[in-house]
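Think of it as A, B, C, D, E and F in the order they're written, each chain with its own count starting at 1.
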Amino acid sequence: MITAMIWTLMISAALGFWRVIVGPTVPDRIVAADALSIILTTTLALLGLVFNNPVFLDIAIAFAVLAFADVLIMAKFFEHGELHL
Amino acid sequence: MSTLLRESAAFVLMAGGAFFSLASVIGIIRFPDIYTRIHAGTKALTGGATLVLLGAALYAPSWQISAKLFLIAAFLMATNPIASHAISRACYRHGMKPVLAFIDEYGNSEEKRDRT
Amino acid sequence: MSSKPYIFRIASLILCVSLGLMLFRGIAALPVTEKVTGPASHYLARTAGETGARNVVGAILFDYRAFDTLGESTVIFTAVCGIAMLFSRRKFHRSSRGLSFIAKRGIGIMVPFLLMYASVIILFGHLSPGGGFQGGTIFATVTVLLCVVFGSSFESQYFPPRTKDILESGGALLFSGIGLIGLAAGTGFLSNIAAGFPAGTFGSFLSAGSVPILNVAVGMKVGAGLSTIFYSMIKMLDAGHDHREGGGIE
Amino acid sequence: MILLSYATAVIIFCIGLYTIMIRRNLFKTVLGLALMESAVLLIIVSSGYIPGGVPPIAPFSGPAVNPLPHAFTLTAIVIGASDIALALAFIVKLHRHYRTVDLDRIRGLRG
Amino acid sequence: MTLVLAIMVPLLSAFLVPLFHLARKTLSVGLIGIMGLASISAALAAAHTGWYSPAVSLLGGWAPDIGIALVGDRLSSAFLLMTAIGSGAALACALEKFGGGPWRFYALFFLMLGSMNGILLTGDLFNLFVFYEIFSVAAYLMVAFSMSWQALEAGLKYLVLGTIGALFILLGTAFTFMATGVLNMALLAEALASIPRETLTAISACLVLGLTIKTGAFPVHFWLPDAHSSAQTAVSALLSGVLIKVSIYALMRVCYIFFLGTNGAVFLAITVIGSFSVLGGHLMALRQDDIKRLLAYSTVAQIGYILIGIGCASAAGAAAAVFHAFNHMLMKMGLFITAGNLSEEKGTREICGLTGLWKSHPLWVSAFAVLSASIVGIPPFNGFMSKWFIILSSAGAGTVIPALVIAAGTVISAAYYLRVLSAFISPDEGSSYDLPPYVPRKPRRRSVSFAIVGSFALLCLVLGVMPFSPIFREYFSSIGQTAVDVEAYVGLVTGR
Amino acid sequence: MSLSFMIFLYVFLIATALVISAINDILSAVITLSVFGILLATAFAILQAPDVALTQAVINSGIVTALFLVAFSQTEKPECYSEEEEE
């Protein structure tokens, strides 16, 4: 059952990657990459369940906590065309 | 009995979550412009991921794993809306117009606020 | 995009493919390992007794091969030194321009959790995955986030560059000092239990001798170092239009 | 399965090297370096894997994988990150003078 | 104990420099000098230990197969002596020129000193990679230290190539680890004999390719002339005189320990690379107009000589290579310091502009003449002796072509050094070039630089005579014996 | 995990690397690099290396992307990507 979930999520990720490749504007790519990061975070969490070992969930926590940092800095960059830091 | 109930509930939650994830990715691919894609890629996806994680937490054999899965879900729900808000605002500020949109309420209010 | 001649691309492709084939042949000739052998089996079997750490990778990094870790954090020290050298002598107007109110408030709620998470990663490095590098990098990420969301003046108000310098050198000196204690005890540089550090009870928070202290030292060093790299690199953002020749020390 | 990861790693290594050799943009060079480094990391981590292994965190509930490559990889990741940071700093400094990141238009980098 | 201190004293100095800067803002020359003296004396103490009683220092008290061991033997101590002399001279020049101002430069300098000692003393392959990476990062930044655009370009080029080289070294280390499961070099020497042939080929290709890129031999040499010519004078001297030698040591140690009994083709490859380096370096140097670029290409050629010596795979060849490395350190540091000072004096680095110096600076020019005579290989000087030993040992290895290459290279190098010297001696024509009007600077005191150059020139003379004494010959042949005697190394580390 | 899943993951990884190598826009390549890092961390997790996966996750999504963007924002003007890629 969990294997089926993981497969579904990975196929979703592969479909989302199509938007990263073709996405006509940069924000499309950013949104798709953000979606990919969420999907793969969920996948990692399910992998921890498959391996039945809580240490794998630490990786998923790290992604859940940090993956939006990328998106924030990309968004700021895109908003002004440069980073006003 | 309770095990069966728990597992079937977990299965329903996870299947719903996976369905939402898939649907939102299809939305990212099929929707016409960036704002609708953001709409698909964050709302539905956050909900889907949360559902999957809650289902997994129900299914998990030990309470440590369940606690960590709840934590992941909480963090995702806390961070992802910020990111999507930032990017949609960035798109709007950058000057990208939504297609098929006639009324720009946010833009009007934004304009007024910036003027004052 | 490429203006390189066609023949050059073909030659590069052939070179890369032949290199890859050679490498793959080299790997494929090896027998498949079914069992851990060599020193690694020693680590797996006796880490708990010899160092008291649950995380074998952490024990290798901070006890058996701690000298590598010292060298590795010295690489970051060197890079920080150099990048700060490259971008010195620039006027830097700190900006307080940030993202929207929603992002600011959201980050404001998130940051304490992030700091707590980083501290947990560092302090439990001998019990669970993680350690000085990972926790230090999360600290650096927090400063990056503060820079992005609140503007760099806010960040430099809370984490001034001077503090980062002191933390970085202090971490390096702490690491070296722990090593020199082992040297003074006569059991070799960077020795842990043998130099008299208490082993504690296996699996508890205060265990594994000097491993948690070294974790903290590396966390200070890496966090301050990566943060300083980012801070030095954003320094030039608004000094964008000067064409001064040179600028170095003549 | 392990041969599969070795093959993947070697392919990524070659893609990185090819990128460095062909592309004129300096950022592409740095991206190629990042790819090559990741490939080497993948090779090292795969070399420690044993079928049916568990992570090397005591107490083990089975045969644990080789922990030594993980330690090397940790070291190499941080070293690679500092290398990439240094390369980016150099590129930014050079862009100050030439206003370009095109390899062919920067005088000294052609040879 | 002394082995660890030789690494830790420079590193501790480097960690302390930023704190001193925070406290005082400008560092005094005396403080840096004391730190440098401490570092160099620690290195010399380690060299003494390694020479008279070869020692193994077990870090953390773990056995060599599970921990890291530092090994000091006669080869290490010869190179330790070399780097101590060279970096001491470079530090003195830098202190004279910059004073205590650029504190980050001194931090980088001490980091580089510590990592060089680490490379020379470590007995562990992965630890070698780590120290090599500190060393390389410090070297990239020292190249870029002058912050001119040429220096930045050279630094970037060096960085990209050096990182590729480091990745190849890491890949070779990974393959070695996969094949054997250990990383201690002494244990690897035993374990590598029984691994599959293809893997051995891949390992040797990766390691030799990576170390060759770092060394700057001919096919991948193009970072070297830019890097060495665009740096500051003291840094150029350090880069060309000392850093290259550390790479040579790593190549020598790794190749002799790993491939002496297993893969003889490696040494053939090194000989071929060396021969091409000699010819290519000399021919490129002949075409240069910039004096520092000329000296840098000459360095490529001299690396070729050393590589030919290593490629002989015999004790005599190793001894000759070490002797030539030592001589090259003396000669090239002296030449770079002299050329840098003279060209700063004239305000140009073009050879045709450096005229009339014999009148104004006779002592400098005569020192330059002695050093260049030595590097060309005029008989009474040391360059001749070491080249002669290299030719002898390569003839002893059974090939003639390297000897012919060396002879041809000598002729070419005589041509371009004579060109430089004739420019120095010819009278100052002044206005025949459209040089920018030269404003004479305030004359600087250069007594320390000149003392270093003069003593190096004297040492060249002395070392040209020394090989006739049997004690000296015995010393050098014992270095060669140590280099090729793998069993003794294994016995020293494992205690068997 | 099963073999087919590994094949899927590795093909995905190679595809990401190819996109990084082939795409002309640097910003898109950097975005793809972050996806590559996540996939690599997943591979590390499957290879039973949680420490390495954690480090890769943290470094890749925190620092490397930020440094790339900072460097990129100082070298490219915004016009060169926003106009030419409008739908």
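Here is the rule we use: a contact is a pair of C-beta atoms (placed from the backbone, for glycine too) under 8 Å apart; a residue touches a chain by one contact, two chains touch by 3 or more.
Everything quoted here is computed from the prediction, not taken from an experiment.
Participant: Based on CA centres, what chain would you say lies at the far end from chain D?
Facilitator: Between chain D and the rest, the longest centre separation is with B.
Participant: On a CA-centroid basis, which chain has its centre farthest from chain E's?
Facilitator: Greatest centre separation from chain E goes to chain B.
Participant: Please tell me the distance, in whole Å, between the geometric centres of chain E and chain F computed from their C-alpha atoms.
Facilitator: Result: the chain centres lie 39 Å from each other.
Participant: Any idea how many Å lie between the Cα centroids of chain B and chain D?
Facilitator: 32
Participant: What's the distance between the Cα centroids of chain A and chain F, rounded to whole Å?
Facilitator: Here chain A and chain F have centroids separated by 10 Å.
Participant: Could you put a whole-Å number on the gap between the CA centroids of chain C and chain F?
Facilitator: Result: the chain centres lie 20 Å from each other.
Participant: Residues touching two or more other chains, restricted to chain E: which are they?
Facilitator: Counting only residues that touch two or more other chains, chain E contributes 126, 130, 133, 137, 140-141, 144, 149, 171, 178.
Participant: By the touch rule stated above, which residues of chain C touch at least two different other chains?
Facilitator: 1, 23, 27-28, 39-40, 43, 55, 57, 65, 68, 72, 75, 78-79, 82, 86, 99, 103, 110, 113, 121, 128-130, 133-134, 138, 141, 144, 148, 226, 229, 233-234, 236-237
Participant: So which stretches of chain F touch two or more other chains?
Facilitator: Residues 48, 50-51, 54-55, 58-59, 62-63, 66-67, 70-74, 82, 87 of chain F each touch two or more of the other chains.
Participant: Would you mind writing out the residues of chain D in touch with chain A in their complex?
Facilitator: By the definition above, chain D touches chain A via 54-55, 57.
Participant: Quick one: which bits of chain F touch chain A in the complex? Just the residue numbers, please.
Facilitator: That would be residues 1-2, 5, 8-9, 12, 15-16, 19, 23, 25, 27-28, 31-32, 34-35, 38-39, 41-42, 45-46, 48, 50, 53-54, 57-58, 61-62, 65-66, 69-70, 72-74, 77-79, 81-82, 85-87 of chain F.
Participant: Chain F touches which residues of chain D in the complex?
Facilitator: Chain D residues touching chain F: 1, 4-5, 8, 11-12, 15-16, 18-19, 23, 25, 27-28, 30-32, 34-35, 38, 41-42, 45-46, 48-49, 53-55, 57, 65, 69-70, 73-74, 77-78, 81, 84-85, 88-89, 91-92, 95, 101.
Participant: Along chain D, where are the residues that touch chain C in the complex?
Facilitator: Going by the criterion above, the answer is residues 2-3, 6-7, 10-11, 13-14, 17-18, 21-25, 43, 47-48, 50-51, 55-60, 63-68, 70-71, 74-75, 77-79, 81-83, 85-86, 88-90, 92-93, 96-97, 104.
Participant: So in the complex, which bits of chain F are touching chain D?
Facilitator: Contacts found on chain F: 3, 6-7, 10, 13-14, 17-18, 20-21, 26, 29-30, 33, 36-37, 40, 43-44, 47-52, 55-56, 59, 63-64, 67-68, 70-72, 74-76.
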